[in-house]
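The structures come next, written out as structure tokens.
First chain A sits with chain B, and in the next complex the same chain sits with chain C.
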Partner chain A sequence: MSKKPRAAFFDFAGCEGCQLQVANLEEDIIKLLELVEVVEFREVMTGEAEEYDIAFVEGSITRKSDENRLKDIRERSKLVVAYGQCAVSGGINRLKNNWSSMDDVKKCVYGDDSNLAHLDTYPTRGIDEVVEVDLYIPGCPIDRDEFLRMVKELCLGKTPRLPNHPVCVECKLKENICLFDQGVICLGPLARAGCGARCPSNGSPCEACRGTVENPNKNAMHEILDKYNYTVEEIRRTINLFGVNPEVKK
Partner chain B sequence: MSKDVKINVKHLTRVEGHGNIVVDVNSGKIEKVEWQVSEAPRFFETMVVGREYSELATITSRICGICSIGHTFASLKATEAALGVEISEQTRVLRELLLHGETMQSHILHVCYLVLPDLFKVGSVLPLIESHKEVVLLVTKIHRLANELCDIIGGRTTHPIRPKVGHFTMLPTRKELEGLKVRLEECLGDLKQLAETFQSVSDGFPEFSRETEYVSLTNEKEYAFYDGEVTTTDIDKVIKADEYRGVVNEFVVPQSTAKYGKFNRESFMVGALARYNNNHAQLTSLSKEVAELLGLSGINYSPYQNNAAQIVECVFAVERSINHVDWLLLQELKVEKPEIKVKNGRGVGAVEVPRGILFHDYTYNDDGICVAANCVIPTNLNHNNIQKDFEKMVPAMLDIPQEELRFNLEMLVRAYDPCISCSTHYLNVEFKK
Partner chain C sequence: MDILKISKKDFLSFVDRKISEKKSRIVGVIQKGFHYVFDDLKSSGDLSLDYDVTILPPKKYFQPPKEVLLKFVPKKADSYISVNCYDPVTIIGIHYYDLAAIYMMDRAFSDGERDEHYLKKRENSLLIGIYPLKHYKYRFSKSVVKDQYYKVADLMLVDMGEEYVIEVVSEKGKNYLKGSNLRKNDYSLKEIDQAKTRIKDDQKLPVSVDIASEFLTRNYYHSVWKYFGDKCFSCGSCVFVCPTCYCFDVMEEIDLTLSEGKRIKVWDGCMLEDFALVADGNNFRRDRAERFRHRTFRKVKYLPDKYRYFGCVGCGRCADACTADIAGPNKVFKYILENQ
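Up next is the complex of A and B:
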């Protein structure tokens, strides 16, 4: 691309913590602006544009009216990037889907008012369940450095790739004591690396907020569970936290 | 006057979440003045039902990216109250310090990235990189420090990793604390400079005030953030946090996916200005000085002054953070491993987060599994007050150009620092089996 690519940021149902990670680049934002021209970013600027080269989409889809807005963004954009786990898989919002009836979900929160049209909701989706997605930047929240790297590579015309090894690899490199040895169940053997094993390095188990690797070594996971006397059910519970789709996204 | 005014701002910019401003005036007759909240509700109360007590803060932290630390603490406090878990002085000080980091981070983001562009008459902070680079660099320096404080104490700037029920999983090193102290001390000068810059352009706010009720936590010990009981400018007593339902009185309205609240008047305000109005006598020395510089006095009735109160609170947060770091440096810090016994019960946690008073209320069964939850979000509580401000402002300003009125209304909403995405999902969860 000869001119700077025109980038826009959009958000759907989520906590907006991932766009906060962009704001948290601090002085590096200035460098980012040398690479892309930000033409629309409702949370930080006034202004709109008709077309974009890259649309960064955050948040999950939870109602019909948001589908239309997302489709419109897709039509006007050359590339669509799902950034943050809510956009990638529905994220934590997908926990709502454990309820069998959306009417019960609405009643639980809004009581007798739950039938009001503007409170409508349906089971949470990642954005690729509504439109085609060109690139995924996973995580809850995203890793700022990974975001910057992937944007840089996009601008250089490269195809950015995610690490495809488990969090355990990064954890070992950091010489952390394995949490299983400390009596804590951890998703490191399945989860996709790229975060620098951030949670285990802070004494807290990996919750696979970035999803799993493409071809997880299930046998190894079973062996670990057997060795430390855990059941599959116990890890399934945690994997469920961030809406990780069994069909792993590349 | 026979004037037509049509204002329709869809998805107001430079606020967190989705809200609309609609004003319809026909021949001087006001047909409609509305602050609408159109954010998609997320139904967090249903997400936590069936989850273990140790998972609750992980989930509810995701209510809000900007105040994830405050949500974490309201959540941990509610769980600890329900299970009867006591925390150590070390854990309390670390939590207070981390909360100050978040207050600073959030207030700076709001006042400087979202509000300052209005005062410089530009669409965003981006043009200021060219025109006022020194201001932008000052802002990013303070913002970076706030974030790094959260990293050092919480393990991550957003959605903190280390704070858990009853303890922290990892502690800052002595070297990190010493480094933090040096930078916090330097930050006091930076904040003073920022306050002066803000003051030099603050004549850009419209003249507008409306007396309302101001609700916040308060405690005898200090200007309340982490702990306290509820008070308001309309009462001279305190109300226990677990009796919050009698204060917030939430209700559903047609123009909003977020609930509204009211107490002794038709509406009330929460947030930095409410805290200031209730607790300003307990501010620290430099924060008092900055309050004076920014023209804050006893009780302030202009919602635009919420911005000034946020700067004052940043100064307070840094002064108190220095005290906390000093205390931590005097201790032999140790990772604690509390024994937690699950039991059934209900607990309420109340914390002052950047946008105001926050409540989490959980009920657990015998196995420590959550069976009901209710979270009351400060932005929720402010929506009604914003609406009432609109209803006073529009008739009073019908003679100014429409564009100026629109701008004033936008600035008014921004002054509240609304966090709309976190305000749209809460109330009265009764889990029915």
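Up next is the complex of A and C:
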């Protein structure tokens, strides 16, 4: 490779957990630095750069000033990667969009202080609702191995693809006992795999933190819910947790 | 075929001895929650031979879900090295329908271009079967499996209460038993047959195996495919748990330093949306209904036309694993029969 791509990491509204996933790559971080030159990454280093080949953007967009900053990043970078579910779909932050008024949201969270200027907010958006996004790395948090695979493939000039099959595949390969058989409703049949079925393997139902497959069979899910006596409202609450409904990201 | 017997106690000590000899990996059926799986045995006490069905069939030992085929250095011609893992494995407690399925896979992987990775693992395996001892509501093997399981089994166990009758099917099986406390069989063939067929199937294929292929062909354009396709999640559960499904994908993984690559083989399945995705974004089985029909035709027509045996062994795993409750082949036949 002639020259290492210049990579920068940015954050918007989120818990910064996906940045931590990158910072926690342990010995792989050394190899990663052989592959890319990290020119800006507030959580782990000082310094800023003017231009980047790849901008990794974490977090969701929740106020006007975020938009301007994100557009500026877009202009400076050849590629923009939305990493983590907040950037991909708004993530957990998008829950607030279920409220009819942002004032109610602020009051619920901040009480009497809710009118302070710096707490101003608008309905949450994924970053592709503001700028064009070239690549998505979904998940809450991201899967470190998937992140590394994406970076490698970008460096090799390949177009990285996300798995487009449901989590059920990974459960079957692990010989997990299906949670439906245990009377637990699980979003596995709709959710995008790639996590190694981490939650169901540990007894928790899948909540589709990586979004859904490209063509989820929602009607089939309705039939299953009827069969197990669950309401659409119950499943909507679960699937809305990570802001993946109704949009499906490719 | 020799027929011998052994007390259960002696059989278990024999298994323990084989485990401690460490000449081969010893795998058996063990309990996992309220289900069963094939897994490595630490001691014969882990064996649960009175099982209904295992989550995955034993095909995972010959065609692992993920297998490294070769290693290479990127951009360096002739740098590849084949990666072989043909360690011997002994599998204890395979039901006859799973053995019949292994026979199907042996045929598929030795026909035309031989898959040496699969076939060498099969060569180094020893298969000890057992006739089912527990009822399973989805099973309909008796209506679809003939005696092809004898072509791959090395030994077959018949549970006689305190003892096992052992059908010594192959020379390899005979040699394997050397040094065990075998005795002369004194059960009549009738008694043995009764024990072998003690567990009856609740279900059977709604049409005869001999006409199933032709029956389906006549119904290629039937509404059944859309009816079930609409309910399908395309989650692949039916094909991954299927003992006769052997489809795979091959891909390359490069390490983070971009200096070493691996070519890997991973399970794939025709019910997944991207299975038939090709260059330029074309997908020649885009609709769920087409995929659902393809899978059924493969079991009932394409494989039998090629290999003479029905492509489904009636284990019932797909019917059980399917969240939408549509995958059991019997449902398809029933629906067609009821909606002519």
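Basically, the second predicted complex is superposed on the first by the 237 of 250 C-alpha atoms of A that agree within 3 Å, B and C clash if a C-alpha of one lies under 4 Å from a C-alpha of the other, contacts with A are read in each partner's own complex, and residues count from 1 in each chain.
By our rule, a contact is a pair of C-beta atoms (placed from the backbone, for glycine too) under 8 Å apart; a residue touches a chain by one contact, two chains touch by 3 or more.
Source: prediction; values computed, not measured.
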{"item": "Fit or clash between chain C and chain B when superposed on chain A", "value": "fit"}
{"item": "Chain A residues touched - chain C or chain B, whichever exceeds", "value": "B"}
{"item": "Touched partner set for A:Asp113, first chain B, second chain C, both or neither", "value": "first"}
{"item": "Contacts of A:Lys96 with chain B and chain C, given as first, second, both or neither", "value": "first"}
{"item": "Chain B versus chain C as contact partner of A:Val38, first or second or both or neither", "value": "first"}
{"item": "Which of chain B and chain C A:Asn24 touches, first, second, both or neither", "value": "first"}
{"item": "First (chain B), second (chain C), both or neither touched by A:Arg63", "value": "first"}
{"item": "Which superposed partner A:Gly183 touches (first chain B, second chain C, both, neither)", "value": "neither"}
{"item": "Chain A-centred angle between chain C and chain B, computed on Cα centres after superposition, in steps of 10 °", "value": "110"}
{"item": "Touching partner for A:Leu173 - first (chain B), second (chain C), both, neither", "value": "second"}
{"item": "After superposition on chain A, the shortest CA separation from chain B to chain C (Å)", "value": "11"}
{"item": "Touching both chain C and chain B, counted on chain A across the two superposed complexes", "value": "none"}
{"item": "Residues of chain A touching chain B in the complex", "value": "11-21, 23-24, 26-27, 29-30, 33, 38, 41-47, 62-63, 66, 91-93, 95-96, 98-99, 104-106, 108-111, 113, 116, 118-119, 121, 140-141, 198-199, 202-204, 207, 241"}
{"item": "Chain C - residues contacting chain A, complex", "value": "32-35, 37, 55-56, 65, 230-237, 240-241, 253-254, 256-258, 267, 269, 272-274, 288, 321, 323-325"}
{"item": "For the chain B and chain A complex, residues of the former touching the latter", "value": "11, 13-17, 38-43, 45-51, 55, 58-59, 62-66, 68, 109, 113-114, 117, 123-126, 129, 137, 140, 143-144, 147, 155-159, 161-162, 164, 169-170, 252, 254, 256-257, 335, 421-422, 425-432"}
{"item": "Residues of chain A that touch chain C when the two form their complex", "value": "1, 28, 31-32, 34-35, 148-149, 152, 155-156, 164-166, 168-169, 172-173, 175, 177-178, 180, 188-190, 213-217, 219-221, 223-224, 227"}
